[in-house]
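Both complexes below contain chain A, partnered by chain B and then by chain C.
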Partner chain A sequence: MNAYRRLFSGPLGAIAIAVALAALAMIVAGVSPIAGFSALFGGALGGTSDIAETLVQTTALLFPALGITLAFRGGLFNIGAEGQLLIGGLAAGAVGAHLHAPTAVAAVVLLGLGAIAGGVWGGLAGWMKAYFNANEIISTLMLNFVAAALASYLVVGPLRSPQATGAETAPLPHSAWLPLIVPDTRLSISILIAIALAFLLRFVLTRTIFGYELRAVGEAPEAARRNGVQMRRMTWLTLALSGAISGLGGATIVTGVMHTFNTELSPGYGFTAIAVALVGDLDPLWVCVAAFGFGILESGGLAMQAVAQVPKDAIHVIEGCIILILAARRYVATRTESAPV
Partner chain B sequence: MMDFVHGALATLVLLTLVKSAPIVYAALGGVISERSGIVNIGLEGMMTGGAFAAVVASYATGNAAVGLVAGVAVGALLGFVLGYGATKFKVDQIVAGMGINLIAAGGAAYGLVLLYNQPGASPQVHALGRWYWLLILFAFVCAFALHHVLYRTPWGLRVRACGENPRAVTSAGLDPLRFRLYAAVISGALAGLGGAFLSIGEVNIYSEGMTAGRGFIALAAVIFGRWTPWGATGAAVFFGFFEALQFVLQGRVAWLPSEAMQALPYLAALVALCGLVGKVRAPASDGVPY
Partner chain C sequence: MGLVHQHFELVGRLRVWQNIMLGREPRKGWHVDANAARVRVAELARRNGLPIDPDAYVDELAIGIQQRVELLRELEREPSVLLLDEPTAALAPAEIDAFFGTIVQLAARGTAVLVVTHKLQEVINYSKRVTVMRHGKIVAHFETAKTSVDEIARAMVGGNLPDVAARAATAPSPCFVADGLFAGESETAIAGISFAVRSGEIVGIAGVEGNGQTTLADAVAGMIPYRGTIHIAGDVGIIPQDRNKEALVMNWSIVDNALLGRQHTSRVRHGLLLDRSVARADAQVIVDRLDVRCATLDVAVKTLSGGNQQKLVVGRSLFGEPRFVLAYNPTRGIDVGAAALVQSRLIEARNGGAAVLLISFELDEILAVADRILVMYRGAIVGEFERANVDRATIGRLMAGSQ
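And then the complex of A and B:
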């Protein structure tokens, strides 16, 4: 029983079950799984532009997934990546529209702003946790909705571009666009930033004192506290950094893909990223691999719908099942004891 | 002017009741599961599942009552998934709840295309008609019943004990996991009922995203109401009032953006969470597998 449970509660088991479920969804929709999967993978990996689009989705998922990884490793349940992503994108879009600077300067400024904004948003939950003992699961979740309302208010009202047909900010000047890796696609250098960040995060987690303390707090908070880790500082810092990574991701979507900001920035990347982080077993490098896998699902899902008539929403059911299966493993020590001191 | 004020007030009161009811149902669901020790982030998904199932069943049978039952049943089923996972496999309840939300939203969207071949919204179905006023009333009956059960019956005492100290329940010779499983199923059923109210009560279709975060608002209501049935109900009505106010004031009060009112339940929950409105304490073993 134990071996069975371990096998199927691991990422491999989840993937196997997900593939089976996907096949089932295709059969229910009256499509042979072979046709369905070939449409899925053909759409995601069939040509240069398809691969580029898959990598765009990969990048969009990778940033929040890395942010979530950091928070989970630190024992904090950040389910607010969606809001942090949005706020980061909002900051980049609001300032980027009026920023006329050389590309390198603009990129640094806008991505930095996105990271700061996301960091503030995440740090807010961290501050509430550190000083008021407010459960971060609920606060990060609630802040998602506050972020959505704020963004919606700003793009409908003060930040709305008079030229735009929809509710969005003025477009970014070309000089503020992130350079593309593959011409005529939407794939910008943001994927390189994300991968570099993954290596950096792994280094920080495994090779620095800060990372050691962060993991200690995550795995044995009481031991960490007794060994002199400043729990309050660690709490808000972890969530702020986690939010900053997601915010940076939001800024790369604005500067690299959308070139404007509106509330359609994320179709739920921040939530899917939880699954990505868990499938990647909270190891930044494996998270990259997992993000690529989910990127295939996200971009191939559309092709699967168009070519094989399998509704793309089946993808979300599959993602949900993966999350459900992986929930059987404990990632975050549930902390119920009183205020961190 | 006076006529408008009177009309608006009457509308506001009625609309508050209509808008509160689904949140009350889901919030009561949240109270019972959290009091038993299971955090239910999946309320939103259970509402979605209930809303969609109600429409599917009403469409298939032409009978809205069947739809209502189906909504409750699917909600309960999703509650069972959470409860079974939480008790049998000790899953991380937060992660599992998020999974349920994704499955329900994706499943409903998949079902729309598969069953009706139209993404976005279902065809029109038979709705509950006037019965839905009864359903609004029933929400408050449920609040009363849950209060009574939790505080005045042995079963309720045991459920609360499971949320505070499951070991004590074990040492009394009872199985806390069973109570938790029941509580999760009831929680799902209530959320499913709230969802069904949205789709075949208020309107007569299912449209994608129609729950619009009400499951999460209910979660906020649970916290704001300090994990008690009446508290959560009061908070749900409070949030329902602001939703109704948004409709009544639409376009009339320019200085107050509607987004501010949309954000209000969440801000209220954040304030409560910080302990700024009296002491807020979750059940001691809430979310801790046993």
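And then the complex of A and C:
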């Protein structure tokens, strides 16, 4: 199959079909799809502050998408990015509220804590898989609920700030905020961290022994096992690193955007990120591009609702269609490949 | 026309009669007439001398029986031409005879049968005419009665078979020692196996498939737990049985596959990093040494033929001249030319001072290559022969379980 056809039978085709379906839904709802989509793109890319907000959404999606990319490449279906993100944010918020240190120190400490917390959360599922053969799809999914329950207990109870009106931790001191790239927006340096991480991840996957073995496990676990890969170590390490990347993302949302922690941290970034990773074909650099595309949907959706009266849910129709089509395609591809030649 | 594929095309979760009648079920109104179907399948099985339980679930049947189902399904259509693609690849020797017995009867009753196989003995024993293919072209036709295995083999490899290299004297020091080895479960378990392989000799383990060979190979490779001791002096090269699953990453390039298993050696590993230029150079060496036919080193190994894939696996296992080599059916399912090359590389490794343990279901291969032969039956070593005084008939009896 040539590259052109492959691209269209894959992510681009899925996006095209999803957009067509969304347009159809708009027509059925009595809205002009042209008005709808121009409102969407206008809202997402119309001005500096719009673009900055789109990039904020891009960043929030990119971290968990990179974490998911790592796990999927290693053959582990980590669908617990949402929980890992939340736990990372929780760690950064809980400590950050009381951390008075220079910005650089605070950033390293809080982002590091977020990564460690997310890593523990992912590693927990990895440990259960490695030593008790617990299916990681189930355990990572279930740990999402544990994370959500833990976070809401802590922000309502022990970690609740007496000054705050809602259930949230005490605000981070200004010194602990991530520096902004564009003044008067919410866009912090976290996007640079995310992009650097994507390059690093690509390097790890293609140039290091760890990445080589991880891909071997993902492609052919039995061949990997028989050729010197320590499977248990690989399993928990992969999920721990995957969780660490998502946890780091949660910490950047707390230190860069919210400056406090509450359970509104993620409107489902960890789940949308699965689609982002798949649309990016599990290649870290293409995942960046995909995250930007989904960032446009996330930030333009509100504008679309306000300007063109298209409900924001239409965005979820698009996202859902993309996930469904890509999942179906992967399923069909594995079925066809495993058929006798 | 009927076609029986090398890889079975059966629905594992359906019963035998459902598989055989699939798409042509006798009907009773809107329903499938299950009883009529069972009767027809039973009658079909009886007529063709292929006894089967119509109600068994296909995925619970042995491979040989599954093949029978596959064949019955095709026979049910009463084809005038029957195509069989590597029909005996998964069968035990006794099953092969029974299988061809049926086929020969079928041919006698007027069906044209075309068998695609790489096993020359089957061709000689059962066919009337032979056509030889090489590199996608027909290169020769023979009347079976007027030809020989040698002549067919020569046509297959193009020219004469490579000579088996002269045998070097074996060193006295044992390189591999297994002592009182127990592993596995039930029928394929091994019980109290002890033997040694010295540097510079090839020890062949002969036996019919399913007598514990896989368990032994996995224990030696360290892939399953065992009781007893295995001592290996030096590094190990392993040629596993199933290159698809156990040796290669099908979607990967030749370069990446040539590296697998050696990724922790100081040659390619610099701290955390992989030296890709060394990996590529090594892949080139392996490809040259084993004559792996490929367009470039970057093609996915799934695009290579089975023989070339196997040559890559063998080249990789022998790279760096390991002191001990475990080869489990190293020439299974590949053409004669590739098989001869693989065998001569094993002999070269032996001549270079390696201890080679060859486990094979093909007695001919063991007789051709091994310096010492152990016979395995029901998880135990039941006989040992020096090359000088092998007795084919005795080995055959031991393999079958009689003294």
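Here is the rule we go by: the second predicted complex is superposed on the first by the 319 of 341 C-alpha atoms of A that agree within 3 Å, B and C clash if a C-alpha of one lies under 4 Å from a C-alpha of the other, contacts with A are read in each partner's own complex, and residues count from 1 in each chain.
In this text, contacts are C-beta pairs under 8 Å (C-beta built on N, C-alpha and C of every residue); 3 or more make two chains touch, one makes a residue touch a chain.
Quantities reported herein were computed from a predicted structural model and do not represent experimental measurements.
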So if we stack both complexes on chain A, do chain B and chain C clash, or do they fit? clash
Using the touch definition from the top, say if A:Gly228 reaches chain B (first), chain C (second), both or neither. second
Once the structures are superposed on A, label A:Ile209 by its partner contacts, choosing first (chain B), second (chain C), both or neither. second
State whether A:Ile79 touches chain B only (first), chain C only (second), both chains, or neither. first
If touched residues of chain A are counted for chain B and for chain C, the larger one: B
In the overlaid three-chain picture, which partner chain does A:His100 touch, first (chain B) or second (chain C), both, or neither? neither
Applying the document's definition of touch, where does A:His174 land relative to chain B and chain C: first, second, both, or neither? neither
Enumerate the contact residues on chain C facing chain A in the complex. 5-7, 9, 221, 223, 238, 240, 245-252, 256, 259-261, 263-264, 269, 272-274, 276
Going by the contact rule set out above, which residues of chain B touch chain A in the complex? 39, 41, 81, 85, 89-96, 98-110, 112-114, 119, 213, 216, 219-220, 223, 257, 259-260, 262-263, 265-267, 269-270, 273-276, 282, 284-289
So, in the complex, the side of chain A touching chain C is made of residues 207-210, 212-213, 215-216, 219-220, 222-228, 340
Show me the residue ranges of chain A that touch chain B in the complex, using the header's touch definition. 5, 9, 25, 28-29, 77, 79, 128, 132-135, 137-139, 141-143, 145-146, 149-150, 152-153, 156-157, 271-272, 274-275, 278, 311, 313-324, 326-332, 334, 336
